[in-house]
Amino acid sequence: MAKSTERVERVMVVARKDGRDSVNGRFLIFQFTDKDGPLKGVLWQPTEEIEREIKVNDVVRIKGEMKSYQGAFEIHVSSIVKLSEKEYDVEQFIPTSNVEATEMHNEILTIISAIGNEHLRRLLESIFGDEEFMTAFLRSPAARVWHHSCIGGLAQHVRDMAHIAERVAEVYSEVDRDLLMTGVLIHDLGKVRELEVTNRIDYSDQGRLLGHIMLGVELIEDRMRSIEGFPAELSLRLKHMILSHHGSLEHGSPIVPMTIEAILLHYIDNLDAQARGTLQVLEKETPRFGKWTEYVKLLDRFIYRGEEPRGDDGSKGM
Amino acid sequence: MAKSTERVERVMVVARKDGRDSVNGRFLIFQFTDKDGPLKGVLWQPTEEIEREIKVNDVVRIKGEMKSYQGAFEIHVSSIVKLSEKEYDVEQFIPTSNVEATEMHNEILTIISAIGNEHLRRLLESIFGDEEFMTAFLRSPAARVWHHSCIGGLAQHVRDMAHIAERVAEVYSEVDRDLLMTGVLIHDLGKVRELEVTNRIDYSDQGRLLGHIMLGVELIEDRMRSIEGFPAELSLRLKHMILSHHGSLEHGSPIVPMTIEAILLHYIDNLDAQARGTLQVLEKETPRFGKWTEYVKLLDRFIYRGEEPRGDDGSKGM
Amino acid sequence: MAKSTERVERVMVVARKDGRDSVNGRFLIFQFTDKDGPLKGVLWQPTEEIEREIKVNDVVRIKGEMKSYQGAFEIHVSSIVKLSEKEYDVEQFIPTSNVEATEMHNEILTIISAIGNEHLRRLLESIFGDEEFMTAFLRSPAARVWHHSCIGGLAQHVRDMAHIAERVAEVYSEVDRDLLMTGVLIHDLGKVRELEVTNRIDYSDQGRLLGHIMLGVELIEDRMRSIEGFPAELSLRLKHMILSHHGSLEHGSPIVPMTIEAILLHYIDNLDAQARGTLQVLEKETPRFGKWTEYVKLLDRFIYRGEEPRGDDGSKGM
Amino acid sequence: MAKSTERVERVMVVARKDGRDSVNGRFLIFQFTDKDGPLKGVLWQPTEEIEREIKVNDVVRIKGEMKSYQGAFEIHVSSIVKLSEKEYDVEQFIPTSNVEATEMHNEILTIISAIGNEHLRRLLESIFGDEEFMTAFLRSPAARVWHHSCIGGLAQHVRDMAHIAERVAEVYSEVDRDLLMTGVLIHDLGKVRELEVTNRIDYSDQGRLLGHIMLGVELIEDRMRSIEGFPAELSLRLKHMILSHHGSLEHGSPIVPMTIEAILLHYIDNLDAQARGTLQVLEKETPRFGKWTEYVKLLDRFIYRGEEPRGDDGSKGM
Amino acid sequence: MAKSTERVERVMVVARKDGRDSVNGRFLIFQFTDKDGPLKGVLWQPTEEIEREIKVNDVVRIKGEMKSYQGAFEIHVSSIVKLSEKEYDVEQFIPTSNVEATEMHNEILTIISAIGNEHLRRLLESIFGDEEFMTAFLRSPAARVWHHSCIGGLAQHVRDMAHIAERVAEVYSEVDRDLLMTGVLIHDLGKVRELEVTNRIDYSDQGRLLGHIMLGVELIEDRMRSIEGFPAELSLRLKHMILSHHGSLEHGSPIVPMTIEAILLHYIDNLDAQARGTLQVLEKETPRFGKWTEYVKLLDRFIYRGEEPRGDDGSKGM
Amino acid sequence: MAKSTERVERVMVVARKDGRDSVNGRFLIFQFTDKDGPLKGVLWQPTEEIEREIKVNDVVRIKGEMKSYQGAFEIHVSSIVKLSEKEYDVEQFIPTSNVEATEMHNEILTIISAIGNEHLRRLLESIFGDEEFMTAFLRSPAARVWHHSCIGGLAQHVRDMAHIAERVAEVYSEVDRDLLMTGVLIHDLGKVRELEVTNRIDYSDQGRLLGHIMLGVELIEDRMRSIEGFPAELSLRLKHMILSHHGSLEHGSPIVPMTIEAILLHYIDNLDAQARGTLQVLEKETPRFGKWTEYVKLLDRFIYRGEEPRGDDGSKGM
């Protein structure tokens, strides 16, 4: 009845393909991926056609035996066939934010329309009014793994940060609200170029070699130049906000935040990233099997979910 | 015309008093303090009366010569006389938050009244309804130095965090709003015992030896015991929030935050502390002498204030 | 002759149970444990009964195939049956200290009787004279893994530290011997609540969310309150010793040791933990296969055991 | 005969000017600077004219009393007068590299002419052939303090690195020599904008807010765009070298070096900076008073100079 | 057609052998190694002969089934036979530097002959003129893993460093060239004793317990004593260079470099180690499957190899 | 009556002497020292005789004005005269351990006589039986600053550690007592060469460039060679104990402890150093002025001394 291996058939994306030669012949090591994450695969003695035709980013139908070890799985591939674009839907392979793209589009436009500073508003309109860019922006994840790692994740991240930033600008009335809101909207623009969304999410070459901070400054610099009379100091402040938004050198900012708006941007970014990441961990495991989640490597801890709500006192999770 | 030393007379609080013997006789080293911060003092060959009568926390009238070195000052004391309580007003020596105590009192009561969970609301009423405690709470600073280091600073810190937490609970609707708001209100209660406000702000003995995290848990534990039927898991969650609110071991939490509410509490606390600290730096130097503040040791950086606002575009600081 | 998998039958404790759904049906991932440590297990297509009845902490009889990979093992479960309490002896599953409980009980009582300070002696009698608590204390491990991770480990840890502390108090005669000895006896009391010993050793919920330092202070606070006239400063010193005994913030103490007795307690604790941990590593591998132990992950090193003793010069290990 | 204060008269540059009000009137705190480094100054009860007219970067003639404390000095200013540009020579205030500018100019042109890759050579000609830029480059220091902190320091740094890089490219023949040499020439171009050389060396606003890494990429990006057909991958590699040349995140690179040429650039940069910095320390103190230099704060150590050379064996410093 | 396991036969070296007892009988866990790196092995129910006869460092012929998991491999051994020394050639198991030993020997002698300082030259002649030592030196790897981990690796490391050091001594003319070159030649002599080259490369006992820095100082000390009139200060400087060449305490030097020659030695050593290590990574994977290498654990990054050279512009890797 | 400066006359040791030239003439900066610690001094326009005759380590009579600033003092020297050896007693300038040298000598001999292993006992007799060495050993401090920084400090450190080690060897009976005791006696022998005790305590040149760990191994190696038949493995273990006794690389050991005896040695060393250092801080300030000591820089904390003992309950410090 219980079996240690299973014959399976799955449609997945090729994320890596490496070849090795052994004394007993050649084999290929694959990394496949879909919405549920990565899966390793091994194929012994590949045909010439498989060597030549199967490439990274291809969608393939694989058959083989699923083996488990230490709670992880691996497929020993017996057959692998490349599918044409008509045979699959990309949404199968990459998770999508549960917030509607058009809803996010509208929210972002509303935020922009509330910017009083004309230079900043024109800059934002130039960026988010560019349809081609906006389409890419609305599809972009906010990270390869961890928080907001889904189609639409970047827009959701920016939208949630904007809601918090509005309140922050009220609480600290000395802050330049327009500058802070603009910083929220543009701080991660470089992610549109750093991450490539094909049949899976991965870094682009320039993403790895330059990083989204550098790419974001370049992108914004281009837009500001095209706006006549854009004040030099305002440009300096915006570029500083992008450069410093990771908060410290060891987190990848070449410069620490040195304006009140840059400091707030960093803390709001941090708060949303950690909050959304934690909520994704809590949502993932359904139904619940205990009071604690599995070990979360990126946080180096377990998350306590607690006893089932008893509902009699209006509180959640108690 | 220009002089390198000045004869001065000042009324200050004694913060430290140390005695040393040299080959040429005995002298005392003082640390005085008032609203403007600390001032060192030296007195050679003190009389027996001065040795015996002048104590830490006394308010004294000192006369002497003010000497400067490397931008710091020191007073060479020629006369020191202890004042009686009638001769001074404590407000002279400790800065006070510019927010009214009664206003903060009311805001906190309003926040409590919006808590739906009965256990939590009763706990908060038990704490903040205790007049003696509330008086101490409204006078307490949030820190000995850095952010909110003034009478009323703790209440202002909690109030500002509560305003941000309200928005945060809206943005992440999965979060238990009542638990988060309660966490905000109680996370720093231990500061009321950790810091002593006499004629100056300093750590109490138990503040140094136990710390406000431990003192806060002890305080809340006492209150929860006195409420019949307070759920054990709710108690666990609240104590966990206090213990973990510094976010990591190296910042003094013995436990890292492991619930979504504890994680959010930490990031909101951090945001408000850094924001208020930075704003205090920006406010302090008036009138401005340049685009940059002096070096801020606690942040290991200068803060950029920027050019004077030109007022023509509605933005600040540009 | 040589086989890569083995059919086995073992009686173990369920330490974790997670369920996952794959395209080819459902499977369960187990972590089992016994005296020899943890063992992963996989069960494909579980029956409804198995899903419902097998719970964490149950003792089960498992049959299946043992597979090895990279020196680790995993069992592919074909049958799993829950045992009743009569069918097993808990001592099978958790290692027990090789020191007798009654011997340790007596030694601890002897140490207490030598305490001259009446307040401290009455406090210790109140704690260790409480039979229910003493029973739990004598069963408690000192850690989930690493040093003294066995039934009776905590008592052994405290007993060995006490022997060293006696000498330390002689060498540094300025030290308050009674305070130091009391600190040794109580520093880890919170472990009795942090760790749960059922059919295996694991953290309790409050253990994970509050930690043994906090739980220890709470426990001692309760006892001190019940002793009339217990001096406030003595209470402060004892709580400080518990809070600070990990020695630094990054090791989980919210406060660093600031009295000579707290500093000594920390170093004696450290010495015993590292010594016992290392000795356990050296004992574990019998018979010896070489001059070096396997790599010890927690110490990030190998331990040198050396050549066989030659016995001709009275020295060990040379 | 021996005096604790000295009346002095010096011509220096104003590096900072801060005003403070005390109970006994107003005073100014200055930081002056010249080739020998910084000097603090205090001026009590400044006239309105001094308050208004003396600005940062002005060259002034100051008279006053020099006071020493703990080996540092401070001037108590009795008179301060602003000099016009004709009254001083800027070379008085900033140290100049002992290598001739024209010699360095020629060496750099020679290095460029040896670049075989046409794209890279044209890029370098576009940058270093721009007379205005070249003038600024030849004046630029390589750092505000520490190594090469003098007029011409940047060119000397680049020249010395180039000599080492030539050999490195021979030793590791797999390396792209042209790419490495180009990296050496351009890696610090941003310093020309980061540091301002007026009557003293200081950070510009954009230097502080953006840093030389970002400014260097911007500068090179502009030049590459103006060269038709500049290969995209070559551009990526060059920008990556500038971004990553500090070697690690905590040293201010937002990206670690990921090409062999970027890795070599980092280590050559490091070697020259540390070597030149150490040699400057060794040169500074003449004549020698002992075998060890004073404590070098930036290296957290003393440097051993050793016994006087005895000259009989051809070796130095032995 | 595709198979998940393969029957294989290989000749390898035994690197570790551990025995364990399970409820179903005894098994052995092996680590084998050859030029391609390590391979784990498992053997169930070993015969007495296998238990007794197969030892670490033996060359064995193994037959069994090769299993893959997560891209790693393991062999389930069905037969294992020890080979006599005539049946294999050690070069099969350890990689050898592609530079000829005699070529390296000559280069080192040439470097020595250029040393002007007689004491140093005589010291070097005493060391490298000792044939037995020289033979061991020319076989020694420079590391167990990472850079220069091959027979002859140490000599290649020293030779490449010497070429760079020659240029460095020209660029910084204040440096004592003879001292620097001697430092390069002797800094890693201790590796000859730290690493044992039998049928594989491993640490010796004294290598693990004392380390190559200590062993190197001991070795050089012995040689210096045997040279009459070797100047005490020169001896001090040389020992300091060996002790400090790792550059900082956390990298294993008990002392930081405090002479200009010791500082340069450290940076040249670092440069060559990282350069050669990176080049080995880039060479290893042939033919190329993409623009990036596999993840390099020791550098915590991928290395960018880039697009195929197009050859039309004389540059590599573009 | 109160004066800001005092005319004083003191006899002290010259610890540093640096000369500088200013626009107004030359001056010397001194560091003097005696039992109470260091004192800075300044002398304007020194005579040629003073420049030439006053050297580091000289005992001098200085007259001048004592100035205080920020709680530190400095002397403005008006006259400085070198004393001959007859005119002072070295004990005036360096603190001496309050334990008698002959008492320590006897205790060490007693410890040695209890060593059962003949090789070890003969080694120890060879070292401590060498009268010249023993005299130097009994005078040696254990550190330049911090714990045991006095004549006889090293012997006291070793003696106290030995008392603790005896108990440790009883508690962990698996430990080789003779090896541990020998390790205690020899671990810091290198300090005899690292520190120079003339008229003050300072590092020797070899102390700074090689460190006491290296010097200790060299010293012991020499002794072991002179003992025929000293077992190689025992030599390896002893050298390992010296090398690793700082416990970790970042604390200056090039190797971490890898035997049970080396691990214990490290923890006993640590315990005694921290305990004695703290006790010295507590003793220093007499009479007490409060419950807390001054800030202890090396521990980055205040030490709590507590309320005066009330004597009614037999406890100290409560």
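Letters A, B, C, D, E and F mark the chains as written, and numbering starts fresh at 1 in each.
Assume a residue touches a chain if its C-beta (ideal position, glycine included) is under 8 Å from a C-beta of that chain, and two chains touch if they have at least 3 such contacts.
No experiment lies behind these values; they were computed from the predicted model shown.
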Chains touching both chain A and chain E, listed by label: C, D
Taking each chain's C-alpha mean as its centre, the one farthest from chain C: D
Copies chain A and chain D touch via same or different residues, half shared test: same
Intercentroid distance (Cα basis), chain F paired with chain A, Å: 57
Chain D-chain F separation of Cα centroids, rounded to whole Å: 41
Residues of chain C touching at least two other chains: 69, 205, 208-209, 237, 240, 258, 302, 304
All chain pairs that touch each other: A-B, A-C, A-D, A-E, B-C, B-D, B-F, C-E, C-F, D-E, D-F, E-F
Complex contacts: residues of chain D adjacent to chain E: 116-120, 160, 163-164, 166-168, 170-172, 174, 176, 178-179, 231, 233-234, 237, 240, 256, 258-260, 263-264, 267-268, 270-271, 274-276, 278-279, 282-283, 300-304, 306-307, 313-318
Contact footprint of chain F on chain D as seen in their complex: 1-4, 6-10, 66, 68-71, 73, 289-292, 294, 302, 304
Chain D residues touching chain A - in the complex, by the definition given at the top: 205-206, 208-211, 213-214, 217-218, 221, 236-237, 239-240, 243, 249-255, 258
Chain C residues within the chain A interface of the complex: 17-19, 22-25, 27, 29, 40, 42-46, 56, 64-65, 67, 69, 72, 74, 76-79, 205, 208-209
